[in-house]
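Labels run A, B, C and D following the written order; every chain starts at residue 1.
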Amino acid sequence: MHLAYPAVLAALLFCVGLYGVLARRNAVLMLMSVELMLNAVNLNLVAFDVWLRDTLHAGQALTLFTITIAAAEIGLGLAIVLMVFRTQGTADIDRLRELSEPPADGLPPGPTGAEAGPDDSDTASPASPASPASLTGSAQGKAGAV
Amino acid sequence: MTLTLAVLVPLLPFLGALAGLAAGRRIPGLIAPLAVLPTLASAALAVAVACDLGTGRHLDAATRLTPTGGIPIDLAVHLDGFSTLLAVLVGVVAGCVQIYSTSYLRDDPRYSSYAALVSLFTAAMFLVLYSGDLIVLLVGWEVMGICSYFLVGHHWERDDARSASIKAFLVTKLGDIPFLFGIFALAADAGTFRISGVLAAAANGQLHHPTLIALLLLCGVAGKSAQFPLHTWLPDAMAGPTPVSALIHAATMVAAGIYLVARLLPVFLLSSAALIVLGVMAAVTMVGSALCALAQDDIKRVLAYSTVGQLGYMAGALATGDRDAAVFHLLTHGAFKALLFLAAGVVIHAAHTNSLTAMSRMPDLRRRVPDAYWTMAIGLLALAGIPPFSGFFSKESVLTAAERAAHGEALTGGLAPATAVPGAVGWIVLVAGLLTGLLTAMYATRLWLVAFRTPGAAQPAAALPATAQPGTAPVSAEPNAMRWPLWLLAVPAVALGLVGLHSSWLPSFLDGVSLTPSGSTAILGTCVALAGVLVSYAAWRRATALVLDAATASPRRAAHELDESTRPQGTAAEPREITADLATVPGRSFAEALADADSAALAASTGHAPDPARLLLGPLMGPAANGFGLDRLYAAVLVRPVLAAAGLVRFLDREVIETYLAGAAGAPKLLGAAVRKAQNGNAQTYLSALVAGAVVLAVLVAVAQ
Amino acid sequence: MTAALAASLSSQGHSFLSPTGVEIVFVLVGLAVLGAAVLTVSTSQLVHAALWLVVALGGLAIEYLLLTAEFIAWVQVLIYLGSVVVLVLFGLMLTRAPIGRSPDADSGNRWVALGLAVVAAGTLVTLVVDAFRCTWMDLPASGSTSVNGSTQANGEVLFRYWVLPFEALSVLLLAALVGAIVLSRRHREEG
Amino acid sequence: MTTALEALLRCVAVLVVFLTFPLVIGQTEHKVMAHMQGRLGPMYAGGFHGWAQLVADGVKFAQKEDIVPAGADRRIFQLAPAVALLPYLLVLIAIPVGPGGFVGQALDAGLFFVLAVMGIGVLGSLMAGWASANKFSLLGGVRSAAQLLAYELPMLLAAASVAMAAGTVSLTGILGAFHWWWVPWQIVGGFVFFTSGLAELQRPPFDMPVADSEIIFGAYTEYTGLRFALFLLSEYAGILVLCALTAVLFLGGWHGPLSADLGWLWTLLKTFALAFVVIWLRVTYPRLREDQLMRFAWTFLIPLALAQLALTGIVKVVIS
């Protein structure tokens, strides 16, 4: 068999996964895309192992390791996503922007006057404790019943 | 030995000032001793130095701390008769002022800083006197400037004190800048900052630009010694506490300029142009300030203008090349002017007002402050130049010097040939001196009569109940610390002039020029002074008669007439202002102050006072009261253009330069905003950029191979 | 160029134009895998994406089988299909994946991502084809006990040469286990 | 040609087994439960002992309308029963019935294959649970997933014990290496394997995902007619596969006292005996609570499996 077939398939699969990682909004979907990329790497490893007839079977052994690590990764990743979902009320990657630079025309760090109070609470509503509490509550209820 | 003592003289008050500032409010009990004792010790040491040095000798010592580029600067001491005698004067006056202040400013919350600043001021003056190096002298000179700024602005709660302090500082600085350049030019020509070196250079004819140097130095002298046209700060500086006025006027700050010219007189004698300028300046200062003094209502302003006039005498003496006469007058003037100010302080303290008109309403003022009454009489007699008081002899010595100069035989004390002094200078100074003698006698008499001798019948009835109330005015309540310095100073005010008669003692300290007045000037001066006294007395009698008429005639018409005829324009003070003024006079309870202030305000508002000034001055009254509008002239000629220029600069700064700055700041800000957009918190965007970079690298590597 | 390529390949005895049966199957399954993967990253129904991922991963298991890596293939099935995808579905359900299309499944970054992915794919495929177009690998005959990917062969290398990484991996798994438990534990004061 | 024909034949045979044996097990369950619980209903259909009850059930299921809920994800809803059923069909291929190639396809990694493919079956439950657009179904699906993930581990560990004892993961290889004393040696592993398998099949007492008193019927709540029958079929197929595997791994499979030709009979006997046990357990034990279920797996079965693994290792080292 031509090595080009698995190699090209792996390359294309990798790029598909790449697209998924860059384009998907839901964190779980991103994790799935990461799995696709990892599998592309695995395919390459296996193909090259077969081609090279490595006596150590380095390719296949590494594939096994990769699969194991991927399993660990997905477990941890999902735990993180679930926790984020529980605390933030969303699993959308592009809404988790606590690390972003605040907008230049935004409010000053502290409330400057009496009028600033309600505005403050309004603008903070996406991350305000009220709405995620209900969401988290329902999610917790479901998880508890499982 | 002498050197050690001399170094200690400026050092002690300096350390006292530091200790006083450090002790501050934490140890209030220490402040007064820390202020008084070092000053008194310095005075004693100054006396010791003067005695130790003896007559006709001088001492020069110098040490160089560190080499500087260019002309070396030495910590030099130059002691001779001029410096030691003036140091004694400074020490005595400063000691009296410090003692006086302990009582005068007893209740002042800022007494600690005040006392420390006075000590520092004294130390700076000592430094100026003893310094043998122009740069070190300049240090003392500038320290005095900043101290005067703080002391004049002592009552910084008051608007006039604030503006007066700033004015004093700015006007003297205006003179100091040319002064600084003058020193540099002098040092550049002489090749040294040492005074002895400069004098030697002057004697050897090494100074190539004497006129330029002398004129530049004169600017600083005019500023410091309050000579026309830079004298305007001095009357305004009366906003400071009265002891500070005494210190500034009598001994320290204003004396510094005269002392400097006396020190560097050989330089000035090289340039007849500078002497003419100095003479004209002195003449204008003398006459103008005497006229102004006659028109003032504020007792301290009267004294301030008289100081300006007396300084004009000294400057005139210097212009005629006789620095002995100048320093002699400086000594006697220091004594009697300090006496006058301290006595005026007592009077103000008792009357709770600065206004002569208001004082004339107080029938028992004379009895309340007998010490001030008598010592002030002595001081005024000395000021007017009535023999045998000290002022007579020193003033006559100045007139004699002028007369000799007018005849072409100036008393230069061997510093230069008598022909170095133009005869015109002598004539100018002589005429102006005689005229000023007349005017001085007039305003001295007026001051005394209006303040103390207004008859009870001329006092308005409205004022009587206020002052007759029991307990409002405890008679002779002035503390000892304020009374004894007056008598202490009265002694030299009376007797100091006599030492000039002794032909060998005082001149031997100085250049050896005879200080005995010549017969013609003595007679002429005495006549002029007596005439002034008499004229003033006559005018006062007439004014009193008018007031008495007004009391019996129709009050309204008389009041109007009186208002037109007798009221000095300077008294147009608002009653509220006077009250505010009073509230700051220390040593009195506020209720007392209010009671007195009521009567004073009433008096000022009705304006019935037997003041001879208007009768004497006639149409000159208004301009003279306002200092001949010099302040307005300055405002128009200097202040407004400066303000306009500042506005222009401000506009340029805010609108033009800041635009560039804002642009310079804006460009990075825009760039930052652009870059900041990249940090949107979205991990996918970051990842996209990362992958794009990786792809580009991969392509580049692939293509490169 | 294609002709030259074909000529160069045929000169070595293995032509792209005359594929073997395994190659045909591999390409067909590969196309299926690719299609499933594309659907995984493009469908707007979240659970469908996970199910398409199952198809893609299962197809990959078949590809492993075709590459004679039997053990890897079954591990792929066991771990990926049996556990990872189940976990993913679990996570989707816990984050309340809706039935039907989610219009916001793709972020605003999708066109950038598409461009990047296409460029990257072009680059990678070009490079890979350029490098391996003439490379032929001989697949061992299936059924022989000493084949490449048999359980025995894998076990032997794993426990002979790869013991240390294997043990390190077990530590990593343990850490991941502990981490997942800690992360998903609900704190008492929160509950 | 012959290999292809043989392969086809084997596939057909496996299919036949797949289609009949679960039905037999289902019928047995009916009967056994009816007898155990003294139920009279299933005893009437067809006259003798109610032999036609299964046929009646089939006809009933076939007659029922195939309903897909309006809010459901239609395709996945319809696909779910197949996904649930197919893995068992695949697994059956690899289970050896008798010696000498009496197996659908002998695989090198047979045990591995079997366990891997069995794990896929849960996807059917998940798909069904999610696609039904019913919260009971969703809960059932999620419970299925959690249960599967929890019990997969002890099951694998127990199977690993046997593989370790035999030194191979090939099912035929394991049977080839079997000795009678393996039964007491691996009995604990057998217990763990069987119990975990029951849990994976969601059979009572591990039927929390379909607990009718809590969540109606879990993932299958919305299913009717033939699709529901397919789920039932998959459950019985699962029982068949589990029992066959347990028989093969722990009870010696075709090994028996008599002639080797009767090996297939021994396998079937053991399988059905185990299936009877499964049915027996259903009527004997009450359902576990969810937390009990999880605790049972993590704190009881896994330590037990690990102990078995250790024992196997020790014995293996000793005898070699």
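We take it that contacts are C-beta pairs under 8 Å (C-beta built on N, C-alpha and C of every residue); 3 or more make two chains touch, one makes a residue touch a chain.
Keep in mind that this is a model prediction, so the values were computed, not measured.
A.B. asks: Which two chains have the most contacts between them?
C.D. replies: Chains joined by the most C-beta contact pairs: A-C.
A.B. asks: Which chain is in the middle, if each chain's centre is the mean of its C-alpha atoms?
C.D. replies: A
A.B. asks: Based only on mean CA positions, could you tell me how far subunit B sits from subunit C in angstrom?
C.D. replies: Roughly 98 Å, centre to centre.
A.B. asks: Just curious, how far off is subunit D from subunit A if you go by their C-alpha centres, in Å?
C.D. replies: That pair's centroid distance is 35 Å.
A.B. asks: Between subunit A and subunit B, what is the separation of their C-alpha centroids in Å?
C.D. replies: Inter-chain centre distance comes to 83 Å.
A.B. asks: Just curious, how far off is subunit C from subunit A if you go by their C-alpha centres, in Å?
C.D. replies: Whole-Å distance between the two chain centres: 18.
A.B. asks: Going by the touch rule set out above, which residues of subunit C reach two or more other chains?
C.D. replies: Expected reply: 71, 75, 83, 87, 90, 94, 97, 107, 109, 112-113, 116, 120, 124.
A.B. asks: For subunit A, write out the residues touching at least two other chains, lowest number first.
C.D. replies: 18, 21-23, 93-94, 142
A.B. asks: By residue number and range, which residues of subunit B touch two or more other chains?
C.D. replies: 682, 684, 688, 691
A.B. asks: Per the contact definition, I'd like the list of subunit C residues that touch subunit B in the complex.
C.D. replies: 107, 109, 112-113, 116, 119-120, 123-124, 126-127
A.B. asks: Which stretch or stretches of subunit D touch subunit C in the complex?
C.D. replies: Per the touch definition, subunit D meets subunit C at residues 71-73, 76, 108-109, 112-113, 115-117, 119-120, 122-123, 126-127, 130-131, 133, 138, 141-142, 145-146, 148-149, 152, 168-170.
A.B. asks: Quick check: in the complex, which residue numbers of subunit C touch subunit D?
C.D. replies: Touch residues, subunit C against subunit D: 45, 47-48, 51, 54, 70-71, 74-75, 77-78, 81-83, 85-87, 89-90, 93-94, 97, 99-100, 145, 150-152.
A.B. asks: Which bits of subunit B are touching subunit C when the two form their complex?
C.D. replies: Contacts found on subunit B: 682, 684-685, 688, 691-692, 695, 698-699, 702.
A.B. asks: Which residues of subunit A touch subunit C in the complex?
C.D. replies: Going through subunit A, the ones touching subunit C are 1-9, 11-29, 31-33, 35-36, 39, 42-43, 46-47, 49-51, 53, 55-57, 60-61, 63-65, 67-76, 78-83, 85, 91-94, 138-140, 142-143.
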